[in-house]
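The structure appears right after this line, and notes come after that.
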Amino acid sequence: MADKIRGVFAPVPTPFNDDGSIDEGGWRKNLRLWRASPLDGIVIAGSNGELPFLSLEERVRLTKIAGEEAAGSLYIMSGAHFPVTDDAARAAEALSAAGADGVLLLPPHYYKGKEEMLLRYFQDVADASPAPVFLYNMPANTGVDIGIDVIREAAKHPNIRGIKDTSGDMTKLGYTVLCTPESFSTFGGTGNWFLAALSMGACGGTMAISILFPRSCKMLYEAFLAGRMEEAAALQKRLLPVSDAITRRFGVPGLKHALEAYGMAGGRCRKPLLPLPKKDAETLMSVIKASGLDEYETWRKA
Amino acid sequence: MADKIRGVFAPVPTPFNDDGSIDEGGWRKNLRLWRASPLDGIVIAGSNGELPFLSLEERVRLTKIAGEEAAGSLYIMSGAHFPVTDDAARAAEALSAAGADGVLLLPPHYYKGKEEMLLRYFQDVADASPAPVFLYNMPANTGVDIGIDVIREAAKHPNIRGIKDTSGDMTKLGYTVLCTPESFSTFGGTGNWFLAALSMGACGGTMAISILFPRSCKMLYEAFLAGRMEEAAALQKRLLPVSDAITRRFGVPGLKHALEAYGMAGGRCRKPLLPLPKKDAETLMSVIKASGLDEYETWRKA
Amino acid sequence: MADKIRGVFAPVPTPFNDDGSIDEGGWRKNLRLWRASPLDGIVIAGSNGELPFLSLEERVRLTKIAGEEAAGSLYIMSGAHFPVTDDAARAAEALSAAGADGVLLLPPHYYKGKEEMLLRYFQDVADASPAPVFLYNMPANTGVDIGIDVIREAAKHPNIRGIKDTSGDMTKLGYTVLCTPESFSTFGGTGNWFLAALSMGACGGTMAISILFPRSCKMLYEAFLAGRMEEAAALQKRLLPVSDAITRRFGVPGLKHALEAYGMAGGRCRKPLLPLPKKDAETLMSVIKASGLDEYETWRKA
Amino acid sequence: MADKIRGVFAPVPTPFNDDGSIDEGGWRKNLRLWRASPLDGIVIAGSNGELPFLSLEERVRLTKIAGEEAAGSLYIMSGAHFPVTDDAARAAEALSAAGADGVLLLPPHYYKGKEEMLLRYFQDVADASPAPVFLYNMPANTGVDIGIDVIREAAKHPNIRGIKDTSGDMTKLGYTVLCTPESFSTFGGTGNWFLAALSMGACGGTMAISILFPRSCKMLYEAFLAGRMEEAAALQKRLLPVSDAITRRFGVPGLKHALEAYGMAGGRCRKPLLPLPKKDAETLMSVIKASGLDEYETWRKA
């Protein structure tokens, strides 16, 4: 069995041109920057990547380019969720073929079904997927909170290898670690409480803030592993307001605005998402500046 | 301006063959039955129609066939929602061209945005749509409850002509009637409380139970309009348990099971939706039998 | 068995003096006015009565005075809820002795327990209470929504004779009527959707708006019973904004402000409830004026 | 200004005799045991103490006895919440006079008011209270989640000195630490995620599991402070299932059952709380046994 996946993962946005097409040049530019950073991996076509707005062809293309730019340097996880089970299974196949090291899978969520429906969906896609499957619990967006019984059962499938959990339910995060195999990867899903997730047994985080501040996140991770808790806690305090600003407060439009401010490719979101109002943009940039995180991001100069 | 749309609308399921393709023969059979019934209209590609599982091509095909079988007899409303605004706009165009008399539009819901995002989405699609647009409020599935301020503003658009509201919030339903133009159609979204919706000012209902028991629903509607409240209330009491069973309790799989039991075309749902367990099927059929609604459905014999 | 309780009930506020004591003179004045109105009954120590702020002694006193002023003219229902079962049972005894014709009972709600806890509480108090018990479902305040299974079981107790349901869940209201004995009284709990509740089988309403506009409410009720649905629906449209303003929008402080404006005794709420801000007071009074309900309240001149 | 309060606090249950009166002998026995343990303090008349069921006289008596048995050894915090502001203020005075080192204060919660109502309530009671006030955020029971804006403002009051937050919202916990003075104590409210709370900057925990396993909790706390994260994380894994069992899963009846099993005084809960079903009791005790926490509780032998 492959090694357990760990570390700091960036759930990256999809840069669009003004006409709504994917900005492939910008995508390559971003990938080269992330490759030069201490990131362990990226997540393509997650919520920041505007997954419900991306066709399979687009996800495959993004994944292929990511492989060309960063295979071997970054673990590449690609979002395979589609509402119909068979579509998700075919997506998992296509993304694996395109170079994805793993695929991320939201639960079915339009019909709020029984736990059995969730479990079957995960198992069916995992049966079909060449690449290992990671569950993606995102109740704020889906309205579905994957329960611990589903996680426990799903983790018995040899091709279901982890979960990204953004729910913030530390009790469930702790139970997830307790009731899944040692090789199962439990990732905290936001930088707002990365250190809390690690303290409950998570083996890493996939979090928006690592898109812009990967070294800060990695320093926190390594300080935790080394038992330098004061350093880790101090970093967590700095991460929180920035992480919160580019996720819950200002959403993907906020994240993309910040990306552009750092010279990376963001572009507009696809509609119905609206551009960040100017006043919010100013608040966001002042939160970032006040955090002082820039001083840690030495890789940018390289 | 066209006449106000009123009456009893059936949000019909999409019949599938065992291989997952659309059962066109079954679809035509069902359409002929509904056309012979007292229904005023049908809704294609709503929640019972498994809308998140249908491509635009499939929705267009279903709409075309419906036009062939029932144009002029039934008002044909087709679901135009897609997550990206431009896709929904193109869907509205294509469905109108295929013969839809109106299009139904869920709000954007993966990103839980501000009211402005919802309003813009509705307006943008209404700008593009040849057919009038009806809002579709379905918070149990989307996690988004369209607020009264959005409804009031949206109703000012000349091409936004009504709403199907399943939320069950009678206060909001009442306000909707109060704050929209006289020509705006407010439909109750379930047979569980059709009479309550009418009493709050709704001009009709689009409700699963009318798929199977259209005459019972129409009798209630006409009894209400004629002030025969005892008759209307007695019918409402009979409708409630059946309506509840084929929606909230047993979902689309339950609805399709009942359809098959009445000799109509249902078939399996697309996965991840699972077939109705046998025990649930027995409960469902006994609820239907106990209701005594069959006695009203005289059109079936025709 | 006693006759079924029906009609229009006013869940009346408790008038306080500036020093926080009960304004007994004002209470008597209000009672005489309600007695001259078409009201069928009043509810003392409900949510508008600031029940969590009233001692048993105060509730007994309010009930005694109500009996002195209005026994025989108004059905007197008094709130017997206390967090401890034995306290509620003793309250039911004392309020019955003080002249209450019925007692109203919230479910236990600090500890969100199993249905069994709710059922036992209702049954234990009903065992002890000389006066019949009416359940009081008020999830917006308690965070507990009494489920249909608890209602069905509780209704089997010979001394549990009805429910006031403010939840607005029309499906549950309909089931309540279906699964309780004919003698069980199901009251809608707000004037926002009084007609909807009646159409689902409710036998009356206990609603804040009837405190100020009892004749408007009674006219709606009688129009419904007589099948004059256009008149009933027109009244419902007028009631909605006023009802909503003195409950959900502006709360008990709003209700008391309006009472004072009509020359009745309201006074301040007990703290922590705060007085209505001036701007809200103006909005409230303009909503009332715009409704035109005053024209129906001819009893006031008497 | 007094030193900042920190460490491990036990929110202890109130032992009752079979007749429902307080078991003072049992209370003294428990206090002596806790005093011999590594606990830093206790919370009287919190949720485990059945606070909504306790009169002011009972809370004063419990506090007085606690002072007699443990003053100087344990920090004594007593629950001062009553629904009326003035009652809570008088409770804070009486509990302070009875020996409470601090008082704990739920927000008003029957009327779900604006933030201003919460803030005023806290400030009014803090004005009156000789002992410092600690906010008590318990949304699972109250239905009210004290927001960060209220916390920030309340923390400016010189006599509001901390918060016990059980919400589990790590983002808010992190912000609480960031936006309150250094002397303000932020306590995690459950042992389910004690280490997560510490990692976000909490200065301690008040948690049910420390009633039975104070040394295990204190070891975790000290391991965290010393940077021995592997030890701390291993302890957290052991604590989680036990903590969860005596709180969310089996409630106060479960906690009291476990207390009795360890030879401490628990007794029955006051009704409406029901005794723990036998099957649940077995599950609970097997969860405790499987945790292996007993090995750390060496103080029990003393």
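Per-chain residue numbering starts at 1, and chain names A, B, C and D are given in the order in which the chains are listed.
Keep this in mind: a residue touches a chain if its C-beta (ideal position, glycine included) is under 8 Å from a C-beta of that chain, and two chains touch if they have at least 3 such contacts.
Note that the structure is predicted; figures quoted are calculated from it, not measured.
**Q** Which chains does chain A share as contact partners with chain B?
**A** Correct list: empty, since no chain touches both.
**Q** From the C-alpha centres, identify the chain that is farthest from chain A.
**A** C
**Q** Quick one: chain B and chain D, Cα centre-to-centre, how many Å?
**A** Taking the average C-alpha coordinate of chain B and of chain D, the gap between them is 51 Å.
**Q** At what distance in angstrom does the C-alpha mean of chain D lie from that of chain A?
**A** Distance between chain centres: 36 Å.
**Q** List, in ascending order, every residue of chain A touching at least 2 other chains.
**A** none
**Q** Within their complex, state which residues of chain A touch chain B.
**A** Residues in contact with chain B: 20, 47, 52-53, 83-86, 108, 110-114, 116-118, 120-121, 124, 140-143, 251-252, 270-274.
**Q** Within their complex, state which residues of chain B touch chain C.
**A** Contact set of chain B toward chain C: 168-171, 174-175, 177-178, 192-193, 195-201, 224, 227-230, 232-233, 236-237, 240-241, 244, 248.
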